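Before any comments, here is the structure.
Letters are used for the chains, namely A, B, C, D, E and F, taken in the order the chains are written, and counting of residues starts over at 1 for each.
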């Protein structure tokens, strides 16, 4: 634990915390300085996250806080999976913070601090190897998300925020019950230690452990947005300020990440009688979430709601894929997770730019006419057969919208297609590696749902896109600044990179998935005696 | 004699718990809001006494500060309630 | 309670008596809270527990721990002091508010003694 | 002196409280206690009241006398009120309000009086009119108004005036 | 290798050109055309240069790893068949670019047009050159996307928008089915590589998944090729600019479907499923399309239906599942591309010159634009299958194939007649097209007087018509070798012998052609009256409009039902959400219990204690009372909840947790003040005001349901707690803490050592939560807007202020304020006490911080906001920041010693006079906690309190009626 | 003792849940308060019941776990107390803001239509 590089592991938590705290000393007039600090920190986070991504490719990094050995002290663990999540978070954060500089960070107090604290919570949740510490970081990220969800105030946000907070407070209580029950039965909070203790549990204790884990799971799935615990999500996300909503698109993934991690760690193949506990429910829930997300996507009148329901589709897809399991499917699910999160982030930001030029009433009426009364009537004889020059702003916005639509619907050429393909290919590959073999009925259902969700998303996105970009008579061209468009473009470019570099990325994801499926290495790394740590404390007098 | 002491402490705790029962009767029944606050205040004092008896019963001074907190700061809640009843507002 | 075995019997009896007296006073006060008919009377009742009741138990505690710890334990005084200082603040505001309302609603003239609704 | 010790009595009390809390008179505790005792008064919201005219010793003596008087009153009243509560069904309705004109104007004096009256079962501080100097009490056993006025003014107010003014 | 480079260039050039085209100025028609033309010509030349490598049945292959783990590589593969298609795409593409240069209006912003057109060309080339089936799907969907953008090019027209949307929806839906089908195909074969798949025909056909695979792939192909019943998108796509129609809807996009069918025929064909599933739709489309085409009055719609019927013909040929039929299909693909592209362009010229394409308004144009008219007539003749034109040849082959016996079913018998019938229709609509446009009388004036178009606008038509003629006359010398290499690429050794010649003697097919020509002419004569009546649509089918059906299905499925389901399956109300959450949690928690059964342990650590029982009787009463009174007696509920809190605190102490008792008590005090601060802004609630609502059955049912949920939740938590408490404790990690709290953590208060050392990181997070919440509260309250009725002074204050009439000093507060102010130093010293001893005895930074904060709040209550803030400058934000930074700095201190974050140091020192002093670095951390807690607590409460004075600045409202302040 | 405590926890939780499901924001916040009491007690219960054994080392040396209540759940509860205080404050302010904006104290920001 001597080299400075070791401390890199905790930087994703400490840096935003310290930066957020420093910002409190700067008053609102120094907003430029605040913004600079925030952007600087976020850029640093991106760098650190990529560094950790590289490190984790070699070995699982463990950071023992306070120098205490593993099951007793809190440990931070970075393996490939965690590193991927860190990178995703930091990229999304960077895009979102740059976007916010155009106007949103002026909409209320302490935007930058709360933003950084949210990053701290997210990174902490991804890194920690301790259940209760996980609760704490969950609370940090939730607290910050409450603040950010309410950023800008206003009746819609406050109403949505009230629901969001109430539901999540109830969820946090469940979280506590679950974690403490697990502790009461096993006597430990360390995830790796827990994994070693579970196989040895007696039957009657196992029952309580499963109950505890089930309650904990519900708390996590609530945050992931599984149906029928997902109704808070569209309300909150659609009401949130757009850079906030963009960053929020990672938040459901925290729940998913933890479900994946804990499920395979605690109830993996080696966990004795509890192996794969709850898997069928997870699959059902995930598929129901996709279905509900699809319904929501189709029934959305406003783009914000559409995007929020796309979040549910994404969540459901990943959850169901995790439940189906297998290294290949999970690896693909991770790829899909990254791709869809980036796309959603871009889309949430884009929505604001797109909707800037229109008024609500006109919009609603247009939807009503177009979608309720069927197609518009048109007269073949008098079409205006000279194209309209599209202002550059609209052209760029339109291209970005198209990109988002393709990504979310899973159509080529962007990574959405690759993600869905890899997911489904891995799914079908599961039956028998390298050839024909039986594929479970549930897998067929999942395949069908994924395909249908893509089509439904496309239909809804086309409807919306046509409404916004093509039915544009009398529409004001929105004023869009470069720093607003650049983050959207950057996220979409990231998706292009994902498409082109699909091979290497996918092999990293598969390796991540493999290490999650074979947690022995994780457990060993965490529980290993610290290399040269003798109690540094108690140096005596 | 220690049995007498132990027994009397147990009885004292029962008496105090009964006192608390009376106090919550006022808290629930009222009839005035002030009655409820009064009951609440009495509940706190009785609770403090109960904490002291727990200390004696277990022979530990570690519970003393808890009782002290009630004596020193327990009234903040009741005074805020009282002021709320008085002025409709706690801080003006 | 193991340590209590080292107490002299008379001290044990004294402590027991003090504790019982204190708790009894507190209960009496609480009963008053139950039995008095008007609010203004009820306010008097808990004072029993808050003054002498507390005092008895505090003294019992002081004796007990002083004897056991074989050094004077007197920090219980603080409880008595703080309780004495803080109780009036609450009660005065409570009674004041009640009186004001009663006067406003003409339930009492200057010397109110009516029943609550 | 007044700059460093605007509330001398408060500082002494703070030191005493600190030592009582720590149950120790070790040098370290005393030193820290002194520091805290000097710092504590800075937390007073209101400026200090003018000091009393009488000599400290006399004031201290008066305080001790008052303390014991109050102590005996409290013990006596406890018994009386307990008797009233436990014998309630046979009790006559004697509770009532009582107005007493006060000479005491000092805020801390009034506060002390409030503590005394409230701590004594059977008497209750209801209101105080600072303009007219009228104190309204509620008394549980208001048989003899004169006796009560004598107690308040004679036993308590006189000594409080000695201490505070 | 050069061939591989050529392959990459063929696919990459159009995309690059598309990107470049997008950057041109909006009026750069010529530059765009030059660019597009150059790209098309280059790609054409490159393709042509590849011919030697594919002529003899070989294939060029270029492979680039893309996603090798999942069998997806970027594979370009050109064989004779792909080559033929690539030639069509690039060749006709070049002609269309040239044509579009003249067709598009000078004021049209063409960069977008050419960018999409070139990108489409690239996608199409990628499709036909794909050597990996997933990659094929990739480009397949891309063609759908670009066709959407091209059809919707004139998106200011509702028709263009609708047509584009319909085309996209249908083709993408089909594409997704194809995607699924290819995935399953890959699953069967174990690879997506075209070569491997093509070599696995037997295993595919014998797989149990064969039928679903076939259906899914056919759904993709038939939608793309506009086969019945998915044909209706094509006529509606005619709102696209005519160059787009000429390109997409004749030669390329719609041919993708039949391309795929031909491609996969070797592995999917050869079963009776294929015959039925491909042949039947083809047959129906062939007949119906031709029939519908007759009755179109819009030239382009007529051509669209004619495309549909020709695609039906091709599909039918493929469905016949015979090598010779396949050759005919390939041949007809090429022929149709040439004559249909020229017809579309010719139609474009007509429209461009006359301003309309409505047959009812057109007529007699032959006299005005004789050259163009002649060209159109030749192309139409090819379409009708007139001898000496290429259409005749492939139709002849088709007729020959219909006569052959196939499955021996009634189809065999009927097929020749049906084919002839459809051909009759073909002739009829061709005649209708020609006669309606170039001959006969016009009903009114044309929007414009037609002239011959510019030389180079007509050139593409001339060229294609020339191709029709040359191929029609000397097929073997022209298209022969190419057709052969294409057929060989698909059929391999099974390639049949066939002869390409105009004259095969007096054969049955020739007879059928003759009947078709004559019958068609007769039918046209018979229908003349009907056609000239101006009605659009076929007699029997006029009412059935694909578009209408599509629209209503779409709006029902994707809007009405979705809305309905969203309302049924979702909710936007809070209560159902919480109910669901609780129910799901209950089910999840109960599930293991149901499967294993709940077993209670046998350990009872302590005997029944009546005092504890009574205590909890009080606690339970408080809880239930609070629940009971919370609606109408808020204050009572608040007090009772406080009572429950007190019982909780006492229980903590009873159960050996003095730290918890202490902290919870402090928090109780502050929470009470907090909730009271909030209570001021809530609306008055008077019991009985909505008594009626509570009595309804629905309300009662709701309450019963909630009661049951509450009951089960409570019972469940109870049972779990009891089950755990009564079983022996597991070997816990706590042993470590107990054993090392002093020796390695330097404190005797194990809980505190855990909080600041063993698990200090939790505490760091926890204070962050507090800080963040304080910030949120602060930020939210800056925009606080109270409800109208809460704005004024509370009624008590109004009455009292009136009674006090001008008494400056608030006399009611005189003595209490003195007491409250006097207590502050004591509370502060108590806080210091708690802080200092925390490491060894109950206390700690958090408790100390709350205590001090509570003291400060007390000052606010005593003195009021203005007085307190005049006395002290309170900057809670700084406190929060300082606290966080202190905690972080304390943790980072250990970095200096190369230890992990939060590693603590302590030493017991013996100082002169002072005695033994323990110093732990954790104390600094705890100090951070203390500072933050003071700051955050104050920020929260004071920000809330400030609302009162902020709002009072608002002029007072009319006094509200005095209501009892009981809650 | 175990039975009494578990009953107490159950009633606190049940009352809390009942209030959580009520339509008025104030009911919900009181419900959350009661629930957090229940959960805190539950966590302490997970360390099993020990009376008169506070986890404060009697001597300045390594302790024997048999003589002390489990300190870990207590540490967890302390963290939970802080967090629940914070979130209660936040919920209160949000409900006030909602009340201010919508004029009602219904959790949905509008009265239930009948």
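Note that a contact is a pair of C-beta atoms (placed from the backbone, for glycine too) under 8 Å apart; a residue touches a chain by one contact, two chains touch by 3 or more.
Everything numeric here is computed off the predicted structure, so don't read it as measured data.
Steps from chain A to chain F, taking the shortest chain of touch contacts, total 1. Looking at chain D and chain F, the chains that touch each of them are E. Using the average of C-alpha coordinates as each chain's centre, E ends up farthest from chain B.
The mean-CA centres of chain C and chain D are about 17 angstrom from one another, to the nearest whole unit. Put simply, the C-alpha centre of chain A and that of chain D have 63 angstrom between them.
Our note on geometry: chain B versus chain F, Cα centroid distance of 20 Å, whole angstroms.
Here the spacing of chain A and chain B, counted between their Cα centres, is 49 Å. Listed for chain A are residues 132, 136, 139, 143, 146, 150, 153-154, 158, 162-163, 166, 170, 177, 181, 183-184, 189, each touching two or more other chains. Taken residue by residue, chain F touches two or more other chains at 20, 25, 42, 45-48, 51-52, 54, 56, 72, 76, 79, 83, 86-87, 90, 94-95, 97, 101, 107-108, whereas all remaining positions touch fewer. Among all residues of chain E, those that touch two or more other chains are 572, 574, 578, 582, 609, 638, 647, 654, 658, 670, 679, 717, 720, 724, 729, 732-734, 737, 740, 743, 759, 762, 766, 769, 773, 776, 780, 783, 796, 800, 812, 815-816, 819-820, 822-823, 826, 830, 841-842, 855. Every pair of chains meeting the contact definition is listed here: A-E, A-F, B-C, B-E, B-F, C-D, C-E, D-E, E-F. Partner chain C is touched in their complex by these residues of chain E: 796, 799-800, 803, 812-813, 815-816, 819-820, 822-823, 826.
Chain A makes touch with chain F in their complex at residues 132, 136, 139, 143, 146, 150, 153-155, 158-159, 161-163, 165-166, 169-170, 172-173, 176-177, 179-181, 183-184, 189. For chain F in complex with chain E, the residues that touch the partner chain are 1-27, 29-31, 33-34, 37-38, 40-42, 44-65, 68-72, 74-79, 81-83, 85-90, 92-97, 99-101, 103-105, 107-108, 114. Per the touch definition, chain F reaches chain B in the complex via residues 51-52, 54, 56.
Chain B makes touch with chain F in their complex at residues 57-60, 62-63.
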